[in-house]
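Consider the two complexes below, in which chain A is the common component and chain B and chain C are the respective partners.
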Partner chain A sequence: MAKLKYRPINLGRWLVWGGTALVMIILPLILTAGFTLTLLSQIGVGIIFALSYNMLLGQGGMLSFGHAVYSGLGAYFTVHALNLISQGAFHFPVTLAPIIGGLAGATFGVIFGYVTTKKAGTTFAMISLGIGEMVFACSLMFAGFFGGEAGVSTNRVMGQSFLGITYGPSIQVYYLIVGWALVCMAAMYAWTQTPLGRMANAVRDNPERAEFVGYDTHMVRFLTLVLSGFFAGIAGGLSCINYEIVTAENVGAAASGGVLIATFIGGAGFFFGPIIGTIVFFTMVTAVGAMTKAWLFYLGLLFLIMVLYAPGGFASLILMHVPVIKARLMRRLLLPYAAALVTGAVLMAGLVSVVEMTYHFSLEAGTAPGMKLFGFAFNVTSATPWTVAVGLLIGGFVISRFAWAAVGRAWADIVHILQDRAVV
Partner chain B sequence: MSTAIELRGVTKRFGNTEIIRGVDLAVPRGERHAIIGPNGAGKSTLFNLISGRYPLSHGDILLNGESVSGLKPFQINRKGLSRSFQVTNIFQRMSVFENIRCAVLWTLGYKYSFWHRLGGLKDANLHAEEVMESIGLKARRDTPAGVLSYAEQRALEIGVTIAGGAEVILLDEPTAGMSRTETSDAVELIRKVSQGKTLIMVEHDMGVVFDLADKISVLVYGEVIASDVPDNIRGNKAVQEAYLGTEAH
Partner chain C sequence: MEFFLISMLNSVSYGLLLFMLSSGLTIIFSMMGVLNFAHASFYMIGAYFAYQLSGWLGFWPALVCAPLLVGIVGMAVERYGLRTVHKYGHVAELLFTFGLAYLIEEAVHLIWGRSSVPYVIPPSLEGAAFTLFSTDYPLYRVFMMVVSVSMLIGIYLTLTRSRIGLVIQAALTHPQTVETLGHNVPRVFMLVFGGGSALAGLAGVIGGNAFITEPGMAAAVGPIVFVVVVVGGMGSLAGAFLASLLIGTLQTFSVALDYSFADLLAKLGISIGPDTPLAALWDLTIAQTGPVLPYLLMVLMLIFRPKGILGTREG
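Moving on, here comes the complex of A and B:
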């Protein structure tokens, strides 16, 4: 008889979850710059949204171009519910209001999902795009519900304060988001360890065989989508409480595209990938967005580079180093990595200069030809800065190639060593 | 004895070509039945029809006396019929254990549950371990199916097929491409897992066929030209000309 080893209490897992919770709780106490709380709240909501998206993309193999439909409609239902509650139509604690968004998201998952999940692959992707456009069009047609151009506003502060919690100060909203994010993360992780979660992987990998072991692939995809819509709706409800306004943008294509990019650059193949992706995504949007008009260009570039060179996302880039560290071979990579970093910085400096100067040239050359970049002030209509910028770009590209070749060789050596050890 | 599988005038056309041309066949419960015939005779197509992968053009198929034509593969599977594939068709990225556990979840009643924790499903896990042991892949428990050797993948293909405990098992060329020792291992495995069940097997290796089968049907150009006990098939003139003869050339 086979002996089974069960580990009901997994210390490592508790450490990871406890550590995550701790970091989320103390971060706003450490980072006190004005924008960080806004950013952290955005990341918290974004993590729920991206993880719900990855139930489709990563676990279920469904590429959706319209996931904001579920979060956005969840946000709309929450905003109307909050307004009704504050008018005294019914009693409901604001703390639990995101569940209204979740139920709305799940309900629309039932309505739209039954058709969209009949087929996977391209068909699913196309229909999700169509539904996204359809719902966005509805937001213009039904101004009563969607609030037209201005959207629908609400006030999250209502009723008596409970233990001093009013959700007036942003920090209280942040901790509300943290609480929901932790619960949702745990729930979505648990889902990957259930029969439905596992069969979603099976249907993703080999739908035909799944049917021959008794599973209706349509039903597996459908239920996955409904659950994913539920968590997306919770994210929508939280964003409604956070911003106190919901507009058509919440259901729009940009929001659907954003979650796709965040999930992908983080790594759809790993549970924690979308978490990393969301952090990188919003940090970039906020930090780079504050510095330059060209932030969307850089985001697009990052996405492009990841798709081409690291399709497993940051998560796989991190995980591929685990066996190397365990085998104590990391130091073989340090020098090549340092070289890649330095040469990459030169390349980036060239690229950023060219992009920024081009932006400045095309937008403001006539009125204000002077600009400042990396601490240097210069005139964008003169030739010298262009020569330097293009020189950095080309020079950086050439030396980067050498550095990357060295990285490649170091990795080849390491793979070789690991294989040899495995044989022994 | 009652009939497990019955085919009545089963016909399949792809475009204008009739690949299966009016096959009648009845396999009693508990029988080990081999289907032989030259390449392209339509043996795999016949399995695809029985298991619901393709719709029939004409005729009817009964499983335990109940018509299953027009049903989807998962519906037929839930009625107790399971099949393997000539070209290995498993969950390549999952471990051996996960492959087999996926194949037992439905029959154990976990269906679409998202309120059970897989690690806590004692029956499913124990059963998956047992199946893994019986197909000889215990040592490969956590290996991704995609990196197994060919013979191991074929064993896993059988494991996934039988794990759900189906009463009627269809195996499509389970020993194709195996060495002699691998084949004899596979024969023992098939004998063991088909104990007390109805087995229909497409097989090219005549040694395997005469060793395992209670009865043999010969399919040539989409028609069953003979269906009898092994000794009579061996002595059948038409079969020798149409099939065994050509093999010997």
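Moving on, here comes the complex of A and C:
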């Protein structure tokens, strides 16, 4: 019989949140390379955006293909507000300016959400796509508000400095983002514990029963979307302060697709999943994007592999090892994992070679047939590198299948052992 | 009158092309419940395959081979991709096709580069078919209509007269019963997915050279096809047909009409200056609003008739 527990202080939770805050504050002091601050700011804004997206996908079961509408319009309203403030039309601190974006996002959530949230599932997905396309098409029509091709730019440094904070140096903007990110993370986590958050889960899992109990599923989805639009708008406002420019791309399909990919590869089923996903996503975009033009291909491939083999995302991959580590069975997995890692590396090497060589071949086979890959210099028009690359790809595929079969067997054993122990 | 007739013909040919895309999407959706996000990507690779094959074999063999190849790709996608994620539900399937669309677009970038390829109308189909008043109507547009209409008749006959068509129709509503009767339903699904992809591929073969063959063509057409399916009613072939023609007409006519509200109000004696409230809205011409109209139609449809023109179910 389970005992009721009263725990006034949840130590683990305080540790996790405190640790997160500490890491976010200390990181720019440790990593001082030029691009890290840009990357960290991007990740901070991205975390708010991805968590707001997960209010829909993870908590409410609504797959949206047009979430950038709310963040993008939030960014546009913030940029116009900032321009008005600097002209002296009204007074408002820049520190709180993202709230303007949030209110704009929530307002558009009210306008669009009423139509889109009538149904969940496939219908919602299609309508959100349609709304996203509609807003993007509008951005080219109303050049006055959306700034046409060039976008709208602003200057975040205005007014008198307060305690030396001007938001001129980007480190100050980073700490502004960290502050907002922590507040938004806490608020969104708190939301999952409210009755509305719980009802959103119920409506996601079984709308019929939720309606039978007496809840209006449309209303629950609608309120979830408005709140999600609010937080997305805050993310948009922060990105406006960060970049000092807002273009039509902010409301475009690529931005909506990006947040979906980040959230999903992190794990939509867990609150912290989107945070992991955002970190992986932006690190990959920055790091892989710096190395190769085919980064979108690798990102798409990673996404497909996650959808096929790990639909719970990285978060579920991490969490599924917790009971194994607790039961001290991890060593049974180490050898199969090592085998999978080595064979996977061969497969990856083959795949990367084929992709990069194809790219080089289609782009500049005529002008510059020589290329360098993994430290080898070779001619892309000759047959030998192709044979090696395709050989690596096929060989890697075959041997990694053996390795993964071993991983599968090891897991089956562990599950057996855990079940036996649970029975005893 | 001349403008109206020519635009009408263009609308019909564009609408029929849209129908070739939306029919495949509708059949796949109503059978398997999968909204294929990568459908427009099959349209794109159809055009690229046709470009490659017509360079090697000529246009006419490419017209037959390219859709077949796309169909084979589609079947492989169903067999090795969709069937794996089927157990996780429809959202996972949708996500899979979403990722696939990304991957196909990048693969096209990899193989054929980022700019458009010179996929042109074959010489035998160049020139005018007939002259209407003073405008020469291009032969290729007529060819497009002929291919689309014969395809339409082909689908209709296959679905209603052939044995496999009857199995497909039965599997639409009662997949378990059909399986109990000894038909291999997963294989039927695979064939349907391949067939739908092949249709999209065929649309790409004849649309790619009429418009432009570039890596962005899937992203340009994809959302419109979704609008067609929603407006027509999810899972209704006849609805998709009507909606295709409707949206084809809407898009063709809107780009040609250069009138704005301000013009209309000026005729009524009200002048609109730059100081008038909402001046940006009044000065918009119909041509400028063209890209938004299909989506606006979709949103209005969802508010007033959520099941679409001929749909039988909501959502």
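Rule of thumb we're sticking to: the second predicted complex is superposed on the first by the 418 of 424 C-alpha atoms of A that agree within 3 Å, B and C clash if a C-alpha of one lies under 4 Å from a C-alpha of the other, contacts with A are read in each partner's own complex, and residues count from 1 in each chain.
Heads up, the rule we're going with is that a contact is a pair of C-beta atoms (placed from the backbone, for glycine too) under 8 Å apart; a residue touches a chain by one contact, two chains touch by 3 or more.
Bear in mind that the values here come from a model prediction, so they are computed numbers and not experimental data.
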First (chain B), second (chain C), both or neither touched by A:Thr367: neither
More chain A residues in contact [chain B versus chain C]: C
Chain B versus chain C as contact partner of A:Thr194, first or second or both or neither: first
A:Gly257 touches, of chain B and chain C: first, second, both or neither? second
Partner chain(s) touched by A:Asp216 [first = chain B, second = chain C, both, neither]: first
Touching partner for A:Asp205 - first (chain B), second (chain C), both, neither: first
First (chain B), second (chain C), both or neither touched by A:Gln87: neither
Chain A to chain B touching residues, read off their complex: 2, 4, 6, 190-191, 193-199, 201-202, 205-206, 208-217, 219-220, 223, 227
Footprint of chain A on chain C - complex, ascending: 33, 35, 81, 84-85, 88, 90-92, 94-96, 98-100, 102-103, 105-107, 109-113, 219, 223, 226-227, 229-230, 234, 280, 284, 288-289, 291-292, 295-296, 298-299, 302-303, 306, 314-315
Partner chain A, residues of chain B touching it in the complex: 51, 53, 72-74, 77-78, 82-83, 89-94, 98, 101-103, 105-107, 110-122, 125-126, 129-130, 132-133, 138, 160, 163-164
Residue ranges of chain A in contact with chain C within the complex: 61, 63, 65, 115, 118-119, 121-123, 125-127, 129-131, 133-134, 137-138, 140-142, 144-145, 253, 257, 260-261, 264, 294, 296-297, 299-301, 303-304, 307-308, 311, 355, 358-359, 362-363
